[in-house]
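In what follows, subunit A forms one complex with subunit B and a second complex with subunit C.
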Partner chain A sequence: MMGWGVIRLWTILVYIFMFLPVAVVVLLSFNANQFGSFPVTGLSFRWFVELAENEAIIRAFKTSLLLGVLTAFISTTLGVLASLALVRYKVPGGNFISTLLIAPILVPEVVLAVALLLFLNFLSVHKSFFMLLMGHVIFTLPFVVLVVQARLIGIRRDVEEAAMSLGATPVQTFFQITLPLLAPAVFAGMLFSFTISFDDITGTLFWKPGGVETVPTQIFAMLRNSISPEINALGSVMIFFTVGVPLLGAAIARRLGNHQGR
Partner chain B sequence: MSAVKLHNIVKKFGAFTAVHPMSLDIPERSFVTLLGPSGCGKTTTLRMVAGLLDPTEGDILVAGRQINDVPIHKRNLGIVFQNYALFPHKTVADNVAFGLKHRNIPKEERNRRVAEALELVQLPHLANSYPKQLSGGQQQRIALARAIVIEPDVLLLDEPLSALDANLREDMRVELKRIQEQIGITTIFVTHDQSEALAMSDILVVMSNGRVEQVGAPKEIYSNPTSRFVADFLGTSNILEAEITSEGGQSGLTAAAVGFVPLRDEQMAKLAGRAKAYLVIRAEKIDILPLDAGPDARLSFEGTIEAVDYQGQLVRYFVDVQGMKFQVLNMLSGTTSFEDGDRVSVRFDSQDCVAVGED
Partner chain C sequence: MSIEKREARQPWVLLSPALVSILLLLIVPLMFIVVYSFWLRTATGADQVGFYLDNWIEVLTDEFYRDILLQTLRIASVTTIVCAVMGYPAAYFIARSRGNKAILLLLLMLPFWISYIIRTMSWINILGVSGAFNSVLMMLGIIDEPLQLLYNEVTVILGLVHFLLPFMILNIYVSLEDIDRNLEDAACSLGAHRGRTFLEITLPLSLPGLAAGGLLCFVLGAGTYITPVILGGPRDAMFANLVFEAIITQLDWPLGSVLSLVLIAVLGSIVLVYNRFLGMRQLMKGLA
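Entry: the complex of A and B
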């Protein structure tokens, strides 16, 4: 009895330790007072308004959004194609390729970031938005490949064979049978890539060309000068995005998967 | 003309030969079953006909046309898979309509034919359900409807009943046969269940190790197997090593425990040129009687019951006759039943015995 009580208390403490800072940030972002301090002296949207008027932040926000959307799109397309090749066709060296695709998850991000940077230097390619995008694609791709592969293995080959026996060409079979059945995984992969790209900072710091800022690097830059309450507001927006988007996605995915038994 | 003709088809997977040169003529409208133990190449053969596997050698002809190089989506075959393979994201009606859509059948006719097909499998009320809302038996009927609605040249079924439980399997067996006869479609059916095969087929093809062992009507194959494998595989048989002998001008086989058994000429002819001979007696052709039962025209031996295995209205006896073990299947009659250790009279008619040769 005693033992369980202690464990329960400990668990609660761990959760408080993890979520309290987040709660404080959100709370302070609504604080009317200039100096983020307790007790909160009044509620206001003042910092959000200032945020919306801060051009640097708006620009960073647009960059992040564009980067996230493009990353999601490219990663998902490549990930689906790679998974199809690896699961449905016996590619020579398939296991090796599979490991190679997953590897970016296993390698520490800093190492990956430096490696890619050195590689670009070696090739004398200049940093650009495109290179930043490629970097994001490389380390979001594993997530797409993992979820799509898992789902694809679950889609029985005989369902596709049945479609072909009924007169559908292989391409028609892919678009009418395989892709719809794969949709929840494709969707999840897209969301993963988007959120990972949206709040990535390590790789982005290494790869971004001068003058381009994403939301995380912008926050990072702002923190170096002073701790402004605007950052709290920005933090709240980030939390809203990175928590809200996947939740919304999960809801949609569940609806998509609703009629699909195995 | 035969609906399907296999001419010396061979399938190799690397160094392993799954199907040895195999030829088969399947007449129009017939129900042909490929029967054999697991791994004997039934699925491989069926998938070559379907276009899901390329034969290594040989030709496949459907309606007189060589189709080796025709891709599966142009073959016009109906396939029913073991696990139904319905499209989970489409309704029952859309599943059945799928093949018609790919044949550009106008909407009205399509709807009419889908309705007819669902009527045929007696599930018209499920048109708007999704596959996962159906029972296994219902899913299998929808899979059948989906395959036949396109009016295929041949219907191919790979163990379509094996995922169903025993009772349902028997119902579906009757149902499938009814539908096949009603629309008169040439059917190739794969199973390793011999009762299914015997009950449903017009023509039975018994396979083993990638080779055809025997082809014929089920009754014919059951009562007159031509190889030791077939005699052993179908039903329960007592197979005795034997020698060709003759007594008083009547030729027959002599085996341990039973001695000389006279056989008809057509049975003896099966042994011509074969290295070994076996005497085959079906377990249900042997009778167990009390020792004191009056003599009859049959051969009679004394034996001891070693074990008794009740199977509902049937009973299986394991009997020892002079050191040879016999299996006997008898109807359970109210008056006589035997126990382990009973001395009994074992009787069978030499007319019911079959000879098989082996090289």
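Entry: the complex of A and C
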């Protein structure tokens, strides 16, 4: 049918629009051309070598990694505990509390960044790694709460009750029944908060102390001098980590699952 | 302590770390900048505590701030409309396709995993002076000199659309999936042709998703300051850029507080209107 054909073509164009620029980043990062721009003259890894030798970028990478891991750990812990309370107990004012917990999504990030910076500064907590961590925890928390709550509602209460009626204590029940069932949600929450933290620039630019850079702020600073092939190489590395690794992990998990199934 | 009392306390023990964090790191700071907005930054760089309306009067009466606010709302509106027009057919195709739905959805999730700043700067590779577009045109001999395509309002909107389109498609897709297909079949069997079925059944029923996607695109678009810095010219500043300038560059924190509060008031009232008519549930569906 003709109408359907037009919609299909439109969709293909939309997908090209979403992915072409990113594909060009990857393409140019392997370009041998000495300015790293068009035309593409050959395959080369020189920009990756230069990247690996750029100390500022390595330092930014380490900062981002540490920040992301700590953020994921803290924010997932807070989020899982809060979700458990909201889903498993009748809490007076539960709806209001739910809204409060996802409030950081509803506040524009710039405003959240300003408020946190000014308030902590008033308490004599100055721009620091600590402030970055607090900020990242606050705006990743809602995503963890949303993901974990959705999953927790799906876990039937009877399984927990069965364990308890068989003599397990609430703590035993949590660690042996609820947590294993919840594991995918915990993992998803961690991955989510890590990615959001690793990618953040809006709040980070407000909270980071002078001289400390994360990967996005480092790229931002480098862009001031115009685009360089190193940025494209860095982009390729980041795309590999944030897209390639999870996809690979999912594919492996699927394969293992299939084998077990047989 | 009795068992009942302990039972009743338990959820609060679980909730308190998250609640205390939200209160201390979000709610109290927001109230604090309301107080801060009435202080004054003096020439020495110290804050003068008190109740001064100077900053409020400046921001609310100076045309400069009003113009940038209007420019911000205009950019966000155009971005939202473009996202809707580009996204709706694509979401419809994904929802109604049979074979490759899984792969299309997976591809749709990918942009969320690719760094925002990488995606934004990638347009420099396409439209820059030595970018793909200019190179192709020069190679074909259509132009001799590279065209200056970047650093204007159009490229800011382009960058925002590129960033926000997946949010729009995902939200529309979710509401299209929720529609009972029997309704469409019923309309068809009662003699409505496909176009009419779409206009009278499918489109109205998918409006909540369209609205949720629209709200997300608008609010996220209107609150950004990175895209205008990377893809815009000096005249394409958005309201959040003013906040950044006031806080980081000029270190005028009371002024920055006023600007932040104006931004949250404008965007917040849009969220409230949305909430009044449509509720938050649809939005949460799209996010989770």
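Note that in this section the second predicted complex is superposed on the first by the 241 of 262 C-alpha atoms of A that agree within 3 Å, B and C clash if a C-alpha of one lies under 4 Å from a C-alpha of the other, contacts with A are read in each partner's own complex, and residues count from 1 in each chain.
In this text, a residue touches a chain if its C-beta (ideal position, glycine included) is under 8 Å from a C-beta of that chain, and two chains touch if they have at least 3 such contacts.
These numbers were taken from a predicted model, which means no experiment stands behind them.
*Asks:* For the combined arrangement obtained by superposing on subunit A, do subunit B and subunit C clash, or do they fit?
*Replies:* Overlaying the two complexes on subunit A (C-alpha atoms) leaves subunit C and subunit B fitting together cleanly.
*Asks:* Look at A:28 in the shared chain and tell me whether it touches subunit B only, subunit C only, both, or neither; answer first, second, both or neither.
*Replies:* A:28 sits against subunit C, while subunit B stays out of touch.
*Asks:* On the A-aligned overlay, A:91 touches which partner chain: subunit B = first, subunit C = second, or both, or neither?
*Replies:* second
*Asks:* For A:141, select first, second, both or neither according to whether it touches subunit B, subunit C, the two together, or no partner.
*Replies:* second
*Asks:* Which of the two partners, first being subunit B and second being subunit C, lies in contact with A:106: first, second, both, or neither?
*Replies:* second
*Asks:* Mind telling me which of the two, subunit B or subunit C, contacts the most residues of subunit A?
*Replies:* Ranking subunit B and subunit C by residues of subunit A touched puts C first.
*Asks:* Applying the touch criterion given at the start, work out whether A:172 contacts subunit B, subunit C, both or neither, answering first, second, both or neither.
*Replies:* In the superposed model, A:172 contacts subunit B only, not subunit C.
*Asks:* With subunit A as the corner point, what is the angle to subunit B and subunit C based on their C-alpha centres after superposing, as a multiple of 10 degrees?
*Replies:* 100
*Asks:* Could you tell me if A:243 is touching subunit B, subunit C, both of them or neither one (first, second, both, neither)?
*Replies:* After superposition on chain A, A:243 lies in contact with subunit C alone.
*Asks:* Rounded to the nearest Å, state the minimum C-alpha distance from subunit B to subunit C in the superposed three-chain model.
*Replies:* It comes out at 8 Å between the closest C-alpha atoms.
*Asks:* Need the overlap of the two footprints on subunit A, from subunit B and from subunit C, as residue ranges.
*Replies:* none
*Asks:* Can you check the complex and tell me which residues of subunit A touch subunit C?
*Replies:* By the definition above, subunit A touches subunit C via 3, 7-8, 10-11, 14-15, 17-22, 24-25, 28, 35, 37-39, 77-79, 81-82, 84-86, 88-89, 91, 97, 99-112, 114-120, 122, 134-135, 137-138, 141, 143, 145-147, 150, 195, 198-199, 201-202, 205-206, 215-216, 219-220, 223, 227, 231-232, 235, 238-239, 242-243, 246.
*Asks:* Considering the complex alone, what residue numbers of subunit B touch subunit A?
*Replies:* Against subunit A, subunit B makes touches at 50-52, 71-79, 81-83, 85-89, 98-99, 102-103, 130-132, 143, 146-147, 150.
*Asks:* If you look only at subunit A, which of its residues touch subunit B in the complex?
*Replies:* The contact residues of subunit A facing subunit B are 156, 158-159, 161-170, 172, 177, 180-181, 259-262.
*Asks:* Under the definition above, what is the set of subunit C residues touching subunit A in their complex?
*Replies:* 10-12, 14-15, 17-19, 21-22, 25-30, 32-33, 36, 86-87, 89-90, 92-94, 104, 107, 110-119, 121-126, 128, 130-132, 135, 139, 162, 165-166, 169, 194-195, 219, 222-226, 229-230, 240, 243-244, 247-248, 253, 256-257, 260-261, 263-264, 267-268, 271, 280, 284, 287-288
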